[in-house]
Every structure is written in structure tokens, then in C-alpha cells.
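Note that the chains take the letters A, B, C and D in the order they are written out, and that residue 1 is the start of every chain.
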Amino acid sequence: MTEPLLRVRDLKTYFVTEQGSGTARAVDGVSFDVRPGETLGIVGESGCGKTVTSLSILRLIPEPPGHIRPGSFIEFEGRNILTLEPKELRAVRGNQIAMIFQEPMTSLNPVFTVGDQIAEAAIVHQHLSRAAARRRAIEMLQLVGIPDPEERVDHYPHQMSGGMRQRVMIAMALVCHPKLLIADEPTTALDVTIQAQILELLERLQAELGMAVMLITHDLGVVAGTADRVVVMYAGQVVEQAPTVELFAHPVHPYTEGLLAAVPRLDAPSLSLRTGGRGRLHSIPGQVPAATAWPDGCRFHPRCPYAWDRCRAEEPPLLDASQGDAGTHTARCWLVTEPQRRTRRP
Amino acid sequence: MNIWNWVALGGAAVAALLVVAVVRRRASASASGRRFFRHPTAAPGLFVLAFFVTVAVAAPLVAPYKPYQQIDIVHLQNRSPSTRNVLGTDPFSRDVWSRLAYGARISLGIGALAMLVAVTIGGAVGATAGYFRGWMDAALMRLVDVGLAMPRIFAMLVVVALWDHIAVPVLVLLIGLTGWFATSRLVRAEVLSLRERDFVAAARALGAGPGRVIGRHVLPNAAAPIIVSAALGIGNVMLLEAGLSFLGMGVPSPAPSWGNMIADGWPKIAVAPWSATFPGLAISLVVMALNAVGDALRDALDPRKEAV
Amino acid sequence: MIAWVVRRVAASVAIIWAVVTLTFFVIHAARGSPFLPEQSQSVSPETLDRLRRQFGLDRSLPEQYVLYLRNLARGELGESFVLRRPVADALADAMPHTFFLALAALLIDFTAGLALGIYQAVRERSVGDVVLGNVALFVNSMPTFWLGLVLLLGFAQWLHWFPTGGPSDPVLCPRVDSLPCLLDFFWHLTLPALTLGLVGAAGTARFQRAAMLEVIRQEYVRTARAKGLREGRVLLVHALRNALLPFITLVGLAFPFLLTGAVLVETVYSWPGMGLLAVRAILQRDYYVVTGAALVTSAMVVLGSLMADLLYAVADPRIRVRGA
Amino acid sequence: MIAPPPLVAVQDLVKHFAGERGWFGLGQPRAVVRAVDGVSFEIPPAQTLGLVGESGSGKTTTGRAILRLVEPDRGRVTVDGLDVLTLGPRELRALRRRMQIVFQDPYGSLNPRMTVRQMLAEPLAIHRIATGPDAERRIAALLEEVGLDPGFGRSYPHELSGGQRQRVGIARALSVEPQFLVLDEPVSALDVSVQAQVLNLLAELQQRRRLTYLFIAHDLAVVKHIADEVAVMYLGKIVERAPALALYAAPRHPYTTSLLSAVPVPDPTAQRNRIVLSGDVPSPMHPPPGCPFHPRCPHPKKNDRCRTEPPALRAVAPGQLAACHFAEEPL
């Protein structure tokens, strides 16, 4: 097994809410690895902490109100990012780890040309001259499939469509050939046909540049088509982690199971909801609790169809549920130790 | 100043403290109320306002003299502050503190009432223009452009010239009538964005007429910026009134407005600086308090912070 | 873009015309007339009639208005009754004074205001921010003329560092025609400019702090940090460029503010500018000086907002480059 | 069997938005956005038409124009036999009892300054349906019907979760007991687990109250589960309309085919033959001549005719209409 590129251990990022009415434990003890060249999917619904996790990796959490708790550990190529000096941290940001965001419109600076914004990282990290950086920006625009790059390089973000802007974001992120690209919901704001373009572009660039990708999304379909491994998050924690095929075939955690069943699918025969009870979509009852008040015990137990006393009292650790190599499939659920209880479905 | 004046003054301070305490207790029940008091200047600002309002209301109790009373025109001009005249006397041998207390009635009253006029007109015009758009919007906004094109004090000076001696209610009305332009722009912008919101579409879809849509759905949501601008606007009106009175074209003498007092004290500022400085300090304090409260209100009523 | 400018200029002219018309009728409707006996006791009724005829005041108001507009079209602003000279000349004498006063005040206002606002935003919630914030709040709440009085009292009457008023020393420097006299002029300018500038700077600082804080929270600032830029570059290049856009609007609004302030500050410091001229003219019902002053002030205000709009269009690529 | 007459019929609906106007807002508009450009469909009682399209396709404007929340420029809309577009204000308000709308953003569609109870009481008051204790009973019943505890009546929107807000939005639409509901992306802003809850609720309500739905969505997978018939919009025009089963089994328009293939399938082992369309959706201000889809069309037979001659929406199979010159030879 190769040495991981990024190791996140027991990451805790808390936010102090208004007038000390509580601490939001947005990310609460998250651990996972990203290996060189792989695509890791991080899946979860809004409020599960997936975006805070990704921002924590580059220490982009606004402080205050947020802070990364001592004891957290984010190791990139053997160095703990959380203890780096500002100068060392800057040498990692945008250079070795790059990031793209959900809203390409608001993530691009409206008063600079896209060329200037792409070139900037190359000037800062690789000390290119302005002219060389501009040539580099044009190359990058070409690489991400923007037509007429020579002309587009002098355009402003507002002159481009949503899909184009996301391509610019990608060009900006990849200008220094980072080893890890963190993509936070890169296609959520885009239409389906544009989403397909961007996903294909990311796939091609990953193959060409050999970087690792951390893809954060709420869309299980996107993960299924792109990720090698998947981490499922719920209530600030990792609840399940497995290779993609394995996870979709044998979900262990009831949350993963419920999520998979709740997605309306194109490839399934129509449930024809309107014929009444027969064709109901599966849904998970209730809603995600607030980050200031996670439930005791297993955080999913109030919504879980299998929950029993132990789930209410005792918080499960990540347990090994692998069928093959040990540690490849883990789940934060007592069902791993008592699988027979899964049958007793209410 | 006798002992009873001091007691009354102490009472005013206590009353103001009580007001702040009660408001704080009430406000802590809501998130926006807590946001209001999180501003470090909100509570002191509120105190200053409550104090001056109390002093204005209780002026006969806290002031040892009548505001026009010339105590001793021969011997008691330009007296420096003493136990008898805490803030000294002015060139006409009137007690500065007494005039300040009575002047609070006029200055604060003009500020509040003129702003009420301005906000009412500005709100109505802005809501009409923003909601109905089209030619009505175009016409009203051109009017506003004209209104904003002349500096307000200059416009006021020209209008005030219509009268020899201007009565205070007329002055209030005039300040209000020349002060609604900016408010109407603000309200219009707010209404324009609100009318595109889905809850307004929902109300229309449910069969609500324009009156109900504006009254129940648009204006309550535009209230926050209106209230904030009103709080800041009272301060502006007070400054304007002071300026006009200073030029001798505002509140007619000898009525004790704070602007008048500065004007009265100005010629003797080298000998008796107190008679012009204390009223100016009072204006600055009250306007500062209004600004502080306005700032805190802006944060407290910000709908963007309501979501979480 | 050119069509837009042409339309804006046309609209501006229309606004100025409206202001002039309003002023014309209001001041004519005002009580009292320019040759009231109590102002000029030596004037006999016959002379009064002659004067009225001479200035066309015996005609009906609409007639006078048409006449005034016709003269205006030829560039004539009429004659001042009180000063007995063309209004244009009187304005031409007063305007440079107001211009230099406003320019100096603007300089103080914008440099100090911007620097403070940016400093406060970058050091949000630090001791410096809180102290400066409260000082700015207080200064911004003072009546301009009262600050003028206080400065006058302190620096001129007690400390004697600065003169107590007027544009120059009437004996040594009746005209600004030598270097010492230029220095004398600046010496006289300092206090009035400081009065106007300080109040303005306090407002600018408060505005700019809010604008900067708003921008710092934007996602593109996070993007800039994610690129590995130094914090200084993030704030002073990525954030500031955007935070200066709303400031441009403030530049446009500065004109009415300065003119308003100037009316009072000029009175306090006996500074012979537009404000002083206008106030005296209104008190004396000097019709054409009042309308002339209204014309000039509204033109300056309208010009200010026009300039701000143009500047905005140049500075903001979203307006400059109309794209997809 | 004779098909029942449609409850909702839309004929040749057109809505163009004027661009910026010159001369202080009084002059002629400069550019025109052809948001809805000749849309026609019918919905039989108690059935659901799914209206699918990407952003800028005009689907939302279509829904709002039918309810006259935006005034359409041309066309004919009948709801239960009443001609909606010719009604005066008073009659229109009366008709509002029969047709309602549920919005996409459950936060933006609720007045932040009103409690849930006030929001539900308002339509009852407008249409004089109920007042006093009677209104309270109705409000409680409505909340229960959409799966909320009546205690939520005292809540303000910001105190509710996304799913709860959307339930309030549905309850508000139901308060006037309409026959026809425009559902404008009702589940797009919701998380997957909550989305399923709301879809189930909508299905139940349709059953119980015999509601007719116009279900507007960009997510073809969601539409598949709730619609009887599906219409696909592109640049203000319907390019394909068919019974749901037929459309998903055998799409005839290349745009529908591409759209279907672009939807990510949550199955890593599934065969992926994604058709990735090149380029962006053209601006509705300057739609391309001929077939609006031709610049992006992946059809191998695309020719000059596609570039010049706009294809008509025509029947290509029983009940299936497509606007493509090559609909007989689908991708």
C-alpha cells in the first residue's frame, strides 16, 4: 500500500456561535487518507461538515468564529499543516494543494481579468515573469478547453458563462500543478449538461497531470461516476468509508443505506409515486440535527430504523466492516458487531 | 441650582438607566435584540438618548430658571460655571443649563417630528415608485433627482426666506419636506428587490391586492433600513436645525434651541466659551448616541443574519 | 457608452434647470423685496420705482422668468441689486475661495478617511479599531460650524497659532501675488479646511471600514488566500480594489456635503466664498445672486454625481465591459 | 375510452422580457429575452405534467405566466374552462382559489416577518373562507395534512428546517383548496433525504385531493417518479413532449437524449455512455436561427436544414411529440 499523500486525523473544527449560546461542532473528529493520484469522494448532506473539513485542510476557516481544536492533525507529505509557519503554509496553498469552490461567480474576483487571476499563482509560487505567466495562463485556458484562449485571457469573469467560469477556476487551481486538488461541490451550481462537461474535464486533467482529487459533493451519482473511494459524512463525523464499488454494493451504515435508497434514480423502473403507497420513495425520517446539539450516543440514532438501547447510550467508533483487506471498509455503527439486528426492520 | 434640581437630575439619570435595563431585558428574548446589545456603544447610546429625553420632559424640574429669564442683565452676563449656574450664563444673563434643558425639547422634538414627516413621505413615495414601476417610478425619481441636486441647507435657506419669523411647526414641516428624498431612494431600492422575492409572488398568487402586498409583505420587510435611516436622520435634522438657527434662520430667538444657544454665545466665545460650547457638546452627544444606536440597529435588523 | 454619457448630461441640464426655476419662483415669492426702505433708508419712493424698472421688477413674474432664462441662455446671470455688479463677477470672485477650501478639505477627508477606514477594517475589533471608531463617531456627530468655533477658540484665540478668520491678511496681503502671501493664504486656509476635512474624514472612515469588511467576507478573498498569497496582497490588492468601488459613490456625495459645510464654515471663518455670498444674498433678497448661486451649487452637485458615475463605469469592469 | 377534457390547457404561450430601456425608462427596450416562445400543452385532471429544462429554458416563466404572476404577451390559457388571460382583476382573484403555486426556495417564498399561522390565515381571510376559531381549526388541519405539528403555527420561517419550510409552502398553497398546483422546482433546494419526504407528500396529496400538477424541475430523475407526461424545454420552446414511460424509454429529441445521458447515476458499475454536449446554452436574447439546439446538437445527420429551418413540434410516435427534423432516427 502506498504512503498516503494527505492524512487527516481526529480533525475537530468548532465554531463559537452568537453570544456563547453554544459551540457548533461542525467537524468533530474526522479522519481519512488521500492517496497519491486517487479520487476520494466525500459525500454528505448540507450541515454534515464536509465543506468545513475541506476548508480546514488549507486553514481557510475564518478565525474567529471558527477554530481548529488542538489535537487535530493534518499531515501533507509528512508535514503537519496545522503547525506550519505562515510562510510555509503559503508555499503549500495554491502550489501543492489547490482548491476550487462551488460558486465560480463569487469565487472569482470581479475586477481582475481571468488571465491575471490565473497568472497570479504562477508569479507568486514559480517566480515567473509577467509575460511568461501570461503565456502560462493562455496555456492553462487551452488545457481546460476554453475556446480562443488568446482572447479570453483578457476577459473579466462577468463576461463568461457559469461553466466557463468554473473552467477558469480549475485553470487557476492547476497552474502550479498541485499534487492534490480539493473540489468543493464543483458542479452544484451548474446545469446537468455543463456538469457533465466539468466532470469529464476533471477526469481528463487528473489522468494527464496525475494529481489526487478530493471531490466533495452531496450527489451520490457524481461520486459513483468519478471516485475511487468514498467517505460518507453525517453530523460532523465520518460514518462510513469504503471503495466506491464496495460502498454502493454493500452499504453498512444505515445512513448510507437510507441515502442510497432515497435518491430518485433514472436507471430504476419508475416508482410512479402517484399510484399511491405502492411506489413511495424511501425517505429518512426527521432531519439533520443542529451542530450545537448533536444527539448522544450514535448521532444517527434518532433517524435510524434499527437503533436499539446501545445506539442511544454509546457512541460507536469507526469499526472495520471489510469483506476483503482489513481496514478498507469501515463504518461507525454497532451493526458491524451485531449484524443480525439489521433484519429487525420496523 | 437648588437641591431639588439636583435630585431631579439624578432622577433623570436613574430613569435613563432603568430604561436601558428594561430594554435590555426585553431585547434579550430575541436574537436580533441580543445582536443589538452586542454593540459596545448601543447601551451607552441608548442611555444618552433616554437621559436627554427625560431631561426634556422634566425640564421644569431640572432647570432652576425659566429659559427666557434674564437673571440679572447688569451683573450676571457671561458668568463662568458655578454652583448657582452650573453651566454658566450667556451674554444675555440667562442660565445656560436651564436653556439647555428646555432646548432639548425643541431640538429633540424638531429632530423626531421632522424625521417622522420625512420618513412617511419618503416611505410612501419610495414604495409607490418601486412597486408600480413604469412611468410613475420615472416621474417620482426625477423629482427626487431635483430634490437631491441642491444642498439641503441651501434649499432650506431659500425656502425659509419665505417667512419673516418662522413658526416652529412650519420649520418642522419644511425640514421634513426637504428631507425625504434620500429615504425614498432607499425605500424604492428595497421595494424593487423585495417585489421580486417569491413570498411576494406567493401573496399575489393567493389573491392579495396591491395594498395588502405592500402593507403586509413588502413594507414590514423594508422596515429595517427605514428605521435605521430614521435613527441616523434624526441626527442629521438636529445638525441642520442647529446650522439654520446658527445662521439666524431657524428657530426664532429667544426660544432656546441648541443651535440658537450656540449662535447667542458665539460673539462672546472668547470671554464666555461655555455658552456656545455646552450646547454644541449636547448636540454632538445626542447625534453620536443616535448614530451608535442606528449602527447597532442596522446589525440587529439585518435580515441576512436572521437565517441562522 | 457615449450615448449613455449624452443622456446623463441631458438629464443633468434638466435637473439644473428645474432647480433654477424652483429657486427663482420661491425667492421671488419670499416676503420682502430687495429695495425695502429699512435696508436703504435714503432711497426715495421715486428712486425705488426707477430701480424696480431698471431691474425689470415691475413686470409680471412669468415675464421676468422668461427674461431671466433668455439672459441665462446668453450666459448672463443678471445684476446684483445690493452689490451693484454683475452676478457672474460676484460668483467668480467667491468661487475660487470655496474651490480651494473644498479641495483642501477633500484632501484631508479622503486621505485620512481612507487610511483610517482600511486600517480599522484590517484590524477589526482591535483596541485601535475601537478607539478610532469611537473618535470617528464623535467627530462625525459634531455640528460642522461648532467644530469650527471650537478650533477657532482653541487654535486662534487661545494659542494664536492661526488667524481668526478671513482669507488673507488685509494689510500685508490684499492679493495673493507673492510667495509669502501664498503662505499667508494657506495659513488662513488651514483651520476652515481642517474643520470641513475632519468631519468628512470621520464619515469616510466609517463608510470605508464597512465597505472593506463587507469585501473581506467575499468568497474571492478566500480564493486569493487559497492561492497562497501573502495576507498583505490579499487585503491590499484583492480586497481593496473591490472596496474602493463603493467609495467612488462617496466621492460624488462629497460635493453636496462640502457645499453644505462650506455655507456654515465660511460664516464662522468669514471666508468670502459661495456660502457666505449665498447666505447674504438670501437675507437681502438679492434675487439674481440667489438663483445664480443655486445654479452653480446644483451644477456642482450634479457634476459630482455624474463624475462618480463615470468613474464607477471606468473602475468597475462589470459596467465598463458589457459582456455576456 | 374517451379522454377527460383537460383541466389546464396552454396554447402558444409567449413571454418576452424587455431589456434595458432608454430615456429614463420610457423609451423603447433594446434587447428582448425570448423567455417563453410559443409553448402549448394540456394537463388532464388529477394528472402531472413534468416540465423539464436547464436554467434559462423558460420553464419557470411558463409556470408563472400561467398563473399571471408575470403577464404573458400572447397565448391562451384555460383552467377548468375559464380563460385566465382575459380575466379582470376581480375575476382573477376569484380564480386564484383554483390554482396555486409552490416555490423552489422554501426560505425565500415565506415572509420572514410572519408566523406560520399568519401565513396560513391570510389566504383564508382574503377569500373569506374562514375566520376566528374556524380558521384556527383549518390551519391546524392543514399543518397536520402536510405532516407538521400544529404547534409550528407560532414559528417564524427562520426557526424551521428546509423541509419544514417547504411543507409550510405547500400548506399555504392548499389553504384555498385549489384544483391545480404549479410546483416550481419544489424539491431542488432540499437535501436528498428530505427531498424524498416532500415528493412522497406531494404524491399523497395528489391522490387524496385529486390535484392536477405542473411539476417544473431540472432533475429528470425526480420527474420520472412523479410525472404522467413530460415536456422538455430548450430556449423557450418545448422540444419534446411525451408520456413519461415513452420519453424515458425512447427519447426522440437529441437534446432529451443528451440530457438523460448526462444525469449521474448512483451506481459505479453502470455502463456509462455519457453524451457530453459541447458549449453553453445560447443566450435567449440571441437564439440561433433554425433549430435552437443545432449549435450543440450531437446528431450525426445534422445538416443545413437544421441551421435554417426551425423544426415544428410534431407527432413522431403515438402520444409523443418532438421538434427535430430527425426525430424518426433518434440517437
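Following the convention adopted for this analysis, contacts are C-beta pairs under 8 Å (C-beta built on N, C-alpha and C of every residue); 3 or more make two chains touch, one makes a residue touch a chain.
The structure displayed is predicted, hence computed values, not measured ones.
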Give the chains in contact with both chain A and chain B, ordered by label. C, D
Would you mind telling me which chain pair, B-D or A-D, is linked by more contacting C-beta pairs? A-D
Please identify the chain with the largest separation between its CA centroid and the CA centroid of chain D. C
Counting only Cα atoms for the centres, state how far chain B is from chain D in Å. 50
In whole angstrom, how far does the Cα centroid of chain C sit from the Cα centroid of chain D? 55
Averaging C-alpha coordinates per chain, one finds the centres of chain A and chain D separated by a number of Å equal to 31
Based only on mean CA positions, could you tell me how far chain B sits from chain C in angstrom? 24
Please list all residues of chain D that touch 2 or more other chains. 24
On chain B, where are the residues touching two or more other chains? 142
Pull out every residue in chain C that's touching 2 or more other chains. 11, 324
Touching residues of chain A toward chain D in the complex: what are they? 45-46, 161, 163-164, 191-197, 199-200, 218-225, 244-245, 248-249, 258-260, 262-267, 270-274, 276, 279-285, 287-288
Any idea which chain D residues touch chain A in the complex? 48, 54-55, 161-164, 191-197, 199-200, 202-204, 206-207, 218-222, 224-226, 228, 244-245, 248, 258-270, 272, 274, 276-278, 280-281, 296
Contact footprint of chain C on chain B as seen in their complex: 40-41, 142, 145-146, 148-154, 157-159, 161-164, 235, 239, 242-243, 246-247, 249, 259, 262, 266, 269-270, 273, 276-277, 280, 283-285, 287-288, 290-292
Touching residues on chain B, where the partner in the complex is chain D: 134-135, 137-138, 142, 197-199, 201-209, 212, 216-217, 220-221, 223, 303, 306-308
What residues on chain A touch chain C, complex-wise? 55, 58, 60, 86, 89-95, 98-99, 101, 103, 106-113, 120-121, 124-125, 155-156, 158-161, 169, 172
